[in-house]
Structure formats: structure tokens, C-alpha cells
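Read the structure below first, then the notes.
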Amino acid sequence: MTELQDAARRLLEEGTVQVVIGWEAGRRGARPVFVTDSADCDRLVFDARCVHDLAVFLNPRRSQVAGLGKAAVVVKGCDAKAVAGLLRESQLGRDDVVLIGVRCGGVAAGPDGAEPPALTAETVAARCHGCDVREPAGVDVLVGAPQPEPPVAPTPDERVAALDALSPAERLAFWTAELARCTQCYACRQACPLCYCERCVVEKSEPQWVETSPHARGNFAWHLTRAQHLAGRCVGCGECERACPVGIPLGLINRKLQQVVYQLYGYTVSDDPAVPAPIGAYAVDDTQDFIR
Amino acid sequence: MEASFEPRITAFVCNWCTYTGADLAGTSRLPMASNVRIIRLPCTGRIDHLFVAKAFERGADGVIVSGCHPADCHYTAGNYHARRRFGVFRELLSFLGVDPRRLTFSWVSASEGGKWADVVNETVARVRELGPFDAYHRLADAPVPDGDPFAALESATPRADGAGENEPSGVHASEPGRGRAAATGGSGA
Amino acid sequence: MSRIGVFVCHCGENIARTVDCAAVADALREHPGVVRAEDYKYMCSDPGQQLVKKAIEEDGLTGVVVCACSPHMHETTFRRAAAQAGLNPFVVEMANIREHCSWIHDDRERATAKAIDIGRTIVEKVKQDRPLETIRIPVTKRALVIGGGIAGIQAALDIADGGHEVVLVEKEASIGGHMSQLSETFPTLDCSQCILTPRMVEAYQHPRITLHTWSEIEKVDGYIGNFTVTIRKKARSVDENLCNGCGDCQAACPSRKVASEFDAGLGKRTAISTPFPQAVPNIPVLDRANCTLFKGRAKGLAKDACGKCKEACLKGAIDYDTEDTFVTEEVGAIVVATGFQLYDIGREQPAGLKGYGEYGYGEVPDVIDGLQFERLASASGPTGGEILRPSDGAVPRTVVFVKCVGSRDPEKGMSYCSKICCMYTAKHTMLYKHKVHDGRAVVFYMDIRAAGKGYDEFSRRAIEEDGAEYVRGRVSRIFRDGDVVKVWGYDTLSGRQVVIDADMVVLATAVRPQPGIAELAQKLSVSYDQDGFLNEAHPKLRPVETNTAGVYLAGACQAPRDIPESVAMASATAAKVLGLFSADELERDPSVALVNERTCSGCFHCERVCPYGAVEHRDVCDMEGHVCGHVAWVNPGVCQGCGTCVAVCPSKSVELAGFTDSQVYAEINALAGW
Amino acid sequence: MTLAYYPGCSMHGTSREYEESLLAVAAALGLDFAEIDDWSCCGASSAHAADHLLGVALPARNLALAEAQGADRVLAPCAACYNRLSGAAHAVAEEPGLAARVRDVLERPFANTVKVLSIVELLRGLAPAIEERVAARLEPDPLAHLSVATYWGCLLVRPPLATGFDDAEQPTGMDEVVAACGARPVRWNMAVECCGGAFSIARTSSVLRLSRAIIDDARRCGADAIVAACPLCHANLDFRQSAMSMKGAPPMPVLYITQLVGLALGLPLDLLGFDRHFVDTQPLLARLADDARRAAAGAAEREAARAAKAAARAQAGAAAATAAGGGGERTAPAGAVP
């Protein structure tokens, strides 16, 4: 903890950055905090409550954040993948940001206590299942002691598999029920570190590809588009699902597409910006057994 | 109704291979089902998943996406990129409940008039089997599940700081097959 | 408010037989935005076209839909007609109710219904059509040719004779390339230099050809019609304007033991030298690596260790202090003709290559490659054309030729066929037998690939008339055993092992692209295959073009090529270049991509998928003019209009003219509830 | 990384000197490995000729046992064993369905996770360590004047897809090891030619012809000895040599690569089994010892010289101090010249 605070303090005092984006403890779980005064660095925490993917604040279009000056951001391994995504897609220059990596032993699913919850199979977040980046790569500063494996939670794959097992009609029914509740508030988009477009396609009216009326059909159009855009890019941080006010299990869709890009193109989202994303690249011998 | 059902198929094809192949089918007078309407694009690389989604939205019972065989692309690589995007999109549609059998992807070269006729006839037959797909079109009338969609919010404890605080009650929704579709309630737009 | 005219063609009986054309016209007349719809027997006929023109003038049409045949058939016809009537041709579209309807259906009712659908769809599209102007790009009518081998020379001459200036760049001291090293050429056995040197001189003296030898391409900017090329003229230490090629400097040069590249290492040259007597230009280059003076300077000697060539030069052309210089040339087209190198299969290999150490090349002096044999057989070669083996200058009584060394060997070498070896090996056996009558020429081969005019006859001659012994099989090992070179092979036809005590072995090593080809390709943004050969735009239909518009390929830089093919390719590129230069402006289909810079997020997915490298980065500046971001920009001169970028753009900030999202959207909607 | 050891039939039998030297070298280099418990025949050289499944299952059984022991690598010093084991691993990995069939036959789990190592692969990896040890030895390198021909035989690098740790036609790994030992590998032509292999009994005449060609070439290329890594090759080259007419040429000692490494590391000769060869290795060893002695003497002299020089210089320095910096320096070296 102090290691993290010291790192932040040093960066602010040396003037390397003007703001450190991290987490602070709130009454109900942790919350993002923007430290601009080195005196406040002791507010910074990192524990199992720090679920938010702070890479979302690196979107250059978040002028209120950009306005604070050059930022250092605290990242878990999964967050670092999101940063890599932004670098890969030219949304960010590596020198525009300082990355403080924290070794992570997993975060909680719905932390709302004043104290970090003990991680158990019940409390751990689904996204931590089979985590391969508990030590973030490509960061400038790495803090914290090596962490133990997070407890094994029921994996989202099981729920995905259960859906796969249904007939198309049943799946359509399931998703109709889920998506009918969507109000197209776009919280999922705002919470997503990789949904950074200047003008989202849903706001393009000439033509209006995505029906904006919040009925199931319009919502299908929206979530189809969002998922397709995230295929091979989604880092599985789960923020969209966590931000959804009506509790649509968006994580299942993202997870499914992660499986698909892996099965079809052997691709898993990389924390190395140099690794090209699967959509936008191709191999001459890509699978095509679905093509007649 | 099924007896008189005539599938409505929208086909998105590339200008250089499949469209020309379909021309050849014509010049060769190859009879085929009349259920397909062709929309011509320069290259499969131009064919967007939004087209397919929109076609279903507008009541198409099936969709065909067809272009040049690998290595034949007039623009050298458009079909390779399309192959990747649709490889993923097909799975996505299927996962959300659109029967993949309503979607045909094919490589039809300018010299394969016969193959085009086959692709058309097979697709029409398959979709006729599956029956009409107004389900997607009628999604607009799907009832919003029982109760106020914001119930989740109210049931949750008061929020202190940031939208992030509230763990969605979505978890329960992830038990597959839970028949909320049957639920009654205020219908959508 | 659109005013669309619809014209339904009967195409004699072709459409009318199964489609009720009048009904189609009636239906479409009721369609919103349609102000006129009529049917006619032959729309493409003159009266038919007149109908369209008249309608355009009378009703002030904003768009025209011709329900007839495939756009591949008559789109241009009607667009031209519309243009004559003053309507922008790009708001005229065909509704294909013949190939896609009347010819493939017999149920009149359904066919008519479908024809109406097709018509509606296109009407909706045309409503969204926007007038487009043909893209015009100014063209600098000068060409750059990279590589002064036979391909480069041919291309340069053809373009120059076509009346345009050519800049010819050669990295060696003289043009001529590999062909100038060859003794005789298959399948006619005429002397290579006799047919080549006249072309070299012609190119040198051509009023419209500027020659830069001892030069390399440093940088390439711009695009088709408008390239800016920076050329590095390597320090020659000899003033090209003063030097008269008398050769006194070479006579004076004390370091005479430098291995001659031109003689493939079999001969010696001086440190200051021209590669060969007929060099063009006949101006020597001072090879600083092997020059006593420069070696002295490198050691840091206070005073120069030599200076004999400078003393010897009466013209005062020699200057030891020249540096590399750079010239910039503006050109409209680029022909790449960088040619090939032979696979140096010795024991030491760079990463990625395995070599064939077991063949003793580079260790056993009497194991040589094809080019070295050419030099041995050449009248201008180190032996004056006598076949003498390198080790002791004896006449080899038995010569073994091994084909496919490094070719057609996915395991260890290149997977491709080097194509020229079968023929030149046959030629080698002949040259050898013609000079050493009682000699024995044994050829190990996998297949004899002699497809080409007079080629098979030629290789048959080598076997039947000149008595070359062809053994079908591979060689496992070649090594020196006292005075002889042992060759262990296997005869797959007799199923026996073969051991031959040879006096000399000639390896037909694989043809590979020139070193540095990848760097050049990157400068030109031309793609290359796994073996380093440059990629043509289309393997069948665009064999000499590349995906970078305005850059063309000639000769062995694209794949192994023999002389006739290289020359043919060169002339083909010249035809392409002259075609490009035939107009002051390059006209291009306006159906290209256009980026909306206001909404572009600069993620550059478009750049990643563009097959033509047409997408460029553009800075975005804030009010104070500081760069605050980047957006994509599509170069209309380079874009070919495939639209792949549009499909991958997440925010739909790029449009493809002629196939805009609005147009496709309209077509899809038109089909709703058909 | 635990290493299992598959001796196969020869290491305990006909090529005991190979095993002895291997164990000695391993001990010296701090390499520990456990012999596979209950190992069985690898099937060379007949099983794979008789039946594919049998030819794979036999070696696979030993791989499975190694797996069960928790090994991730197994050393098969015998070239034939190595060839069969790595061949089986490759076949199981490549051929669809084969893994399952093999598991059925073995009636034991088999995940095919063990990497099969040849002796050369292992020693090549240790070359830096060996070099270090040789350099660290007090007495100067005894092998400095030893030229050897490294003989691979046909099984170590073929087929390339299954073995593949070195070039099949022009392998270099053994030369690297020899160089690390401080000896000189010669360039020769028979490194991967066949010695006649298993025909030693069935068609002795062929074996004599083939093996002799190998020995002749080694001699012609200036080798004092042949270094082998295959019991069968060793048998053919060593045991059969007496039957070859050498036209008066001195016999050619044939050493195992492990014996050479042992020599280089200065291990006691009796640990390396030199007495087990048919071609007497004594003359060679004597010569090497001789070289070593001469080299040592030379070194001693140089050492003495240095010492004397230093002494003289010190003395002169003292003199200079008294005689106000006289020319003592000039005389000093003279006294030091032996």
C-alpha cells in the first residue's frame, strides 16, 4: 500500500505527472480517485474492492480528465490489457501516460463493504477466473508483493456453455427477456475502456443503422453492434456488466466472443500492443468451414 | 400457412465474382428459386454485419453473403477480412438466438453460375424448412419483463458514490432457460 | 425531392417473355419519387437511349433507373447517354431484371413481382445517389526504373522511345546486370554480350534516359503520378564528367588482387576498376574497402599510403574526398527491375537459411555455381573462355552438374522451382562438351522442366547430340578426395547409388531476390512473399502491376525469370507506364473511400485492412494550432474502392462513394415487407 | 525440470563404458537423473519394421513411465533408443487417433509431455559449463593437440521431423561439445554415413566395407580418434576394426563422446572405461598424457621465468633505490632469460 502511495507521491513531486488516477476507499467499496496533490497520495489504496478498470479514463476524449494534465494510472493486469488496446489502436502514445502496475490476487464480485472482503469462490469476480496477468506487463512502476492465485469461482464459461446447449429459439427467448429490459442508457459503452469513439455509430442518424428505440429489437441491434465491435478487443474487465443498471449479463456475450476468436483464430487478447488484433488481420488459411 | 410460405432471402454479393456468377447463371438460363433479392457491393470486404442485422430486422427470413474464392479477390484481400468478421459475427448471431442456418456464406466465382443456382436453391429450401423469421422483426413487440426495469436499482441499498457501487442483480438472469420471455408486463414501443 | 425516371426494357423477348414489363413500369410509376416510368422493346438501341435523354431534358430527372440487363452489360451505355443529356452519369443505375430474373424464372407472375422488387430496390438506391466527378490526378510524365539489368534497360528504352524521360538507377558501377556475365544464352546459344552491349550503349546514349550508376534508392514519397524519389549516389571517388575511361588509373593501381565480383570471384581486379571492359558508363569506381590509401586512412596514418591512380589520371578526375551525394527526382511511375541473386549455399548462413554444407561449396575450390561456370565459359572471363577448373587450372575431364540445389526443397531450401536452371544446365553441358570434346558431363536432376519455345528441343539436344548423361536423382554429399571431387548420388531410375569421381562440380543453386529487397519494398510499400519476391497485384490479370498504383514489376524481382520473360515483362511495364502517361491527368473511378474527419477517432482499423496502403494519418490541430490528434485520410489517387475500410470502421466515419451506407440502407429497406 | 534416464539394453550391456563415462561426467557436472523404473525395450531395430502400433507403443510405454515419475525430459544416450523414443513421441503428436490407440494398448495414462533428449543435445546444452570447467583446471588442457572426427551415424539426426535438434546432413552439435572440451573437431565427410548398423551379424561384409570407409576418411582428414554417440556404431567401428584390412595403417581409437568429456574434465581414467575398447586406447591416452606433461613442464618454466623476473625486478628496484636509480632495470631481464 505505502509502496503504491510512495510511487504516486514521487511521480507528483518530481512533476512527472500532474494527476494520479487510482482507487480510494469509500464507505461502500472502493472508488476511482484523481490525486493531483502529492499530499493526498495516502488516500490511494489497492485491495480486492478495486474492481474499476481505470484505463477508461485514458480515452483522449475525456477532456475533463485530460484537462488535469499528464496522468499516471494504477492498473491491474487486466487493466493493462485495456491500455495495450488503446496503444494498439493509436488512442494513446506510450509516453502520454505513466503506468503504475499493481500485482493482483483477484478482485471481488460486488464489493460494497468498508473493508476489503475475503476472496472466496462465492465473492471473487468471475473475470478473475483463470487470470493470466496477475502481474501487469509493460508498466513503468510495479508495486505490491506477489499475490496468491485467486480462488476458483464458477467460470462464466459454464454459463456460456449452458446457453450454447439451448436451441436457437430458446436462446432468442432468453436474450429477448434480458435485452427487453435495456433502456439504451449506454452505461455499458461509457464504462468500457475500449469504447472510445468520437461519435458512436448509434448516434449516426444518416443512416440510423442501430434502432435507438429501447425495445428488444433496437436493443438487439445495439448489443449486436457493440459485441461485434469488441470482438477480439474486449479484455473481459466486466465493467459493462457491472455498470448495467438493469443487470443484463453482457459479460456472457463478451466471454462467448473471446472463446470464438480463440477457437477460430487462436487469439487471446494480448497485453502487448505490438500484437495485432484478429479483426483487421487475416491468415490465408483461416478456417472457412462455415462457407459453402 | 407453412404450405404457402415463401422465404424472403436477401443476398449481399460482391460485384466481381458472385454477381458475375449470377449473371452467368442467367445467360446459361439456369432455373432457380425466385425468393432471392440481390444487393450488389464492390467486394465482400464492404459487406458490414449491420447489413445482415438490418435485413433480418426488416423481415428477411434468410441472408446470403457471397464473394470471391480465397486468392481470387479483385482487391486481393477483401474476402479474407470478410471471412474473419463473419466467422465471428455468425457465432455471435447464433449465440443471441438467430439460427445460423438462416445465414449462408459462399464463395461463388464468376464462372460458377451453377454453384450460384445451387446456393440459392439450397438456402431457399433450408429456410423454407425453418419457416418464417418474423420473430426477429417482432422483437419490437417483446414485452418488457415483469415489473419496473429499475426494480434492481431500488432493491439495491442506497448508493454512496459512483454508479459502480451497485452490483447488478443480473447474476440470477444468467441461469439459462429461465422463462422470463413468458412473463407479462408493459409492452415495449 | 428526387425525380427518378424508370425505363423498363423488353430486350426483345428476353425479358418480356417471362416479365410483364408494362406491369413493372406501372408499379414503379406509383413508387414515391418516380416521375416517369415506361417500357420499350430495346432500351439499349438508339431510340431507346433517345427516350432516356428526352426524359432527362423534359422532366428534369435527378436520377435514372434502367430495368434491363446486368450493369456489366450496359451501365456505361446509359451513363454515357445520360451524360450527353447533361445528367451526371453516376446517378444512372441498372436494375438487372434479365440475368437475375427473366432468364432464370418461368413463373410469369413471380418473375414480374421480383422484377418490380429489383426495380424498387434500385430506385431507392438512386434516390441516395450523389453526382460524382471523375477523379483527376496530375501526372508527372517521367519514369523511374530501379535496376539496370536487361529488364531495367528494356523498360527504360521502351518508355524513353515512347517519348518520355526515364531515370535509370543501378546500384553497381555499370548497367548490364547478370546478363552481362553470361557466356551464351539458351536456347539459341548466341553470345550474351553481343546482344546485350548494344542495348546498354543505346540506353546510355539515349537523350531521354538519365543514368545513375553506383546509386541506390534512399527514399520514396508520394503516389501514382506524383512520386518524389531520393537517390543516393555512392561516393565513386571519380568525377563522372571529367573521366574519359582511359583506364590509366587501373593500370597504375598497386592492389591488383581483389576478387572480381563480375567474375564471380574467379578473377582478380584492381581496387579502382570498372567491372568489365564494356562497362557502361566506362567510368571506374574506387573500391575504398580494398584501396591501400583508404585502408591507410582507416588505420589513421598521418599521410596517405598511396595515390598512384590520382597521379596517373591526366584528367584530374580522381578525388579521394568525395562523399555520398543525394539527388531528388520527380517521377510519375516506378518500374522495379532489381533482378536476382544466386543462393550462396555455403556452410555459414544467415538466420532462417540452412545452406548445404554437405556440398562443400566455398570449401572445395572445384565446386562452383552456375554463374561461376558462365564466367569460365565466357570469352571475356578469367580463363578467356577455356574450361579450366579453379583449383589447379587443369581441364576437367568429368564435370558433374547438380540441379535443384536449394530449389523445390521445403525441408531445407526454397520450396519454389527456380525455373531457369534446367535450361542453363543443359546449356552448360553443351558449352562444356563443345570445348572439351572427350569430356564427360553428368547431370543430376529431379525433372527436366523445359517449357518454352524451343526449350525442350534444346535440352534434348544436350542429351542426344552432345551426349550429356542425365541421372535422375539427388546428390547427398560432395567432398574432396585427393585430386578428385567425390559426388555421392542416387539414381532413382535404376535404384542404385552413384559415386562419381569428378574433376569439377557445378551447382545450379536456387534463384533468390536481391539482398535488400525487403527494405526497398517497404520504401515502395509493395508487399513481398515469404521468399522475398515482390507481389504482383493479381497473379493472372495484373501480373506486372503492384498493389501500389504506379509501381510496376519487371523481371526476376517478382519470381525466377529467364531473359525472354524478363524482357517481355519489361515491355509490359513500359506499356502500362506509357498508358499512364498518355493523358495529362489520370482519370479514376470516383467510387473511392472518403473519411469524415470530424467523427473519425483515429483508430486506423481502416489502415490495417487497406490492401493498397491508401490510408494516411492526418494531424488534427486545436484552435492554437497544436496537434491534438490524428485522423485517417484516404488518398483518392491510391484507393481502388473495395470498401473494406468502411465495413471495419466502428463509428462509420468512412464512406464509399457509389456504395454509401445510405444507399445500401435504402436498398435493404426497399426490400422490407416485399 | 526433472530428467529421467533411459538406458536401454546396450548401456547396461555391450556399451558399459558408455554408461560408466556418462555417469561419471554427469556426477562431475552436477547433473542428476533417475533411471526409469521398470523400463522396457524400445523396440529397435525390428519392432517398427514389424508393426507400426507396436513400434510406437514399445517406446511410448517408457515415455509413459517417465511421465509417471514426474519427469519432463528423458535422456536416451543410445542413438537407436533416442530415435525410437523421439520417433514415437512425434508420431503420437502428429497422427490423429494414435494417442488413444497407444493408451489402450499401454493401459496406462500417457499425455506425451516428456521431451526426449539425445546425449548430444544434452551435452551441447552443457558446453559452456564444460568449457568453464576445462578452463578452470590447473594443468593446461590435455586435449589441445587432439583431433577427432565426430561421428553421428544415421539415427541421431534422422528423420529430421522427429529428431530435428540439428541439421540432418551437416550437424554441428558434437563439434561444439568437442570444441568445449578443448579438442579439435576435424572437417570430414562421413559424419552421418551409415556404418552398417544392425547388419553387424547378418551381413558382416557390408558392415566392414561401410565402417572402413568411415575410418579411412577420418584418418585421411587428420583425426587421431573417432568420437561416437551410438553403441551400435561404436561396436561396428571399434569391435569390427580388427577384421578390416588397414594396409598397415595404425588402428583408429573410437571413443564415446562422454569419454572425451570425461578426459577434458580430468576425471580418473578408471571411471571412464577406456579399458573396455577393442582398439587399444592406451597409445592415444599415453600421447595425451605426454602432451599434458610437456605442456605442464612448459608452463612451469614460464612460471619460474616470471618469478625470477619479478624477483630480479624487486632486487633491481632496491638497487636503484640505493644507487640513486642506476641502470639496474637494464640488467634485470638478462638474468631472467632461461
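Each chain gets a letter, A, B, C and D, in the order it is written, and its residues are counted from 1.
The rule is simple: a contact is a pair of C-beta atoms (placed from the backbone, for glycine too) under 8 Å apart; a residue touches a chain by one contact, two chains touch by 3 or more.
Just so it is clear, the model here is predicted, and its values are computed rather than measured.
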Considered without subunit C, the complex falls into A, B | D
What chain is the most remote from subunit D, judged by the mean position of CA atoms in each chain?
-> B
Can you name the chain whose C-alpha mean lies closest to the mean of all the C-alpha atoms?
-> C
Chains sharing the largest count of C-beta contacts are A-B
Hey, how far is the Cα centre of subunit A from the one of subunit B, in Å?
-> 28
Averaged-CA centre spacing for the pair subunit D and subunit A, given as whole angstrom = 55
Per the centroid of Cα atoms for each chain, what is the distance between subunit B and subunit D, given in Å?
-> 65
Cα centroid separation, subunit C vs subunit D, in Å, comes to 52
The positions of subunit B in contact with two or more other chains are 49-50, 54, 71, 77, 81, 85
Quick one: which residues in subunit A touch 2 or more of the other chains?
-> 209, 279-281
Enumerate the residues of subunit C that touch no fewer than two other chains.
-> 609, 648, 661, 665
Touching pairs among all chains present in the structure | A-B, A-C, B-C, C-D
State the interface residues of subunit D toward subunit C in the complex, per the touch definition above.
-> 160, 167, 169-170, 187, 189, 193, 220
The residues of subunit C that touch subunit A in their complex are 598-605, 608-609, 629-630, 648, 650-653, 661-662, 665-666
Touching residues on subunit B, where the partner in the complex is subunit A | 49-50, 53-54, 57, 70-71, 77, 80-81, 83-100, 104-107, 119, 122, 135-145, 149-150, 152-153, 157, 159-171, 173-181, 183, 188-189
Sort out for me which residues of subunit C touch subunit B in the complex.
-> 70-72, 96, 98-101, 103-107, 110-111, 113-114, 117-118, 121, 537-539, 547, 591, 609, 611-612, 640-644, 646-648, 656, 659, 661, 664-665, 667-669, 671-674
Residues on subunit A engaged by subunit B in the complex (per definition of touch) = 26-29, 31-32, 51-52, 109-110, 112, 159, 162-166, 168-178, 180-181, 183, 187, 209-211, 213-218, 220-221, 223-225, 227-228, 231-232, 241-249, 252-253, 256-257, 260-261, 264-265, 278-284, 286-288, 290-292
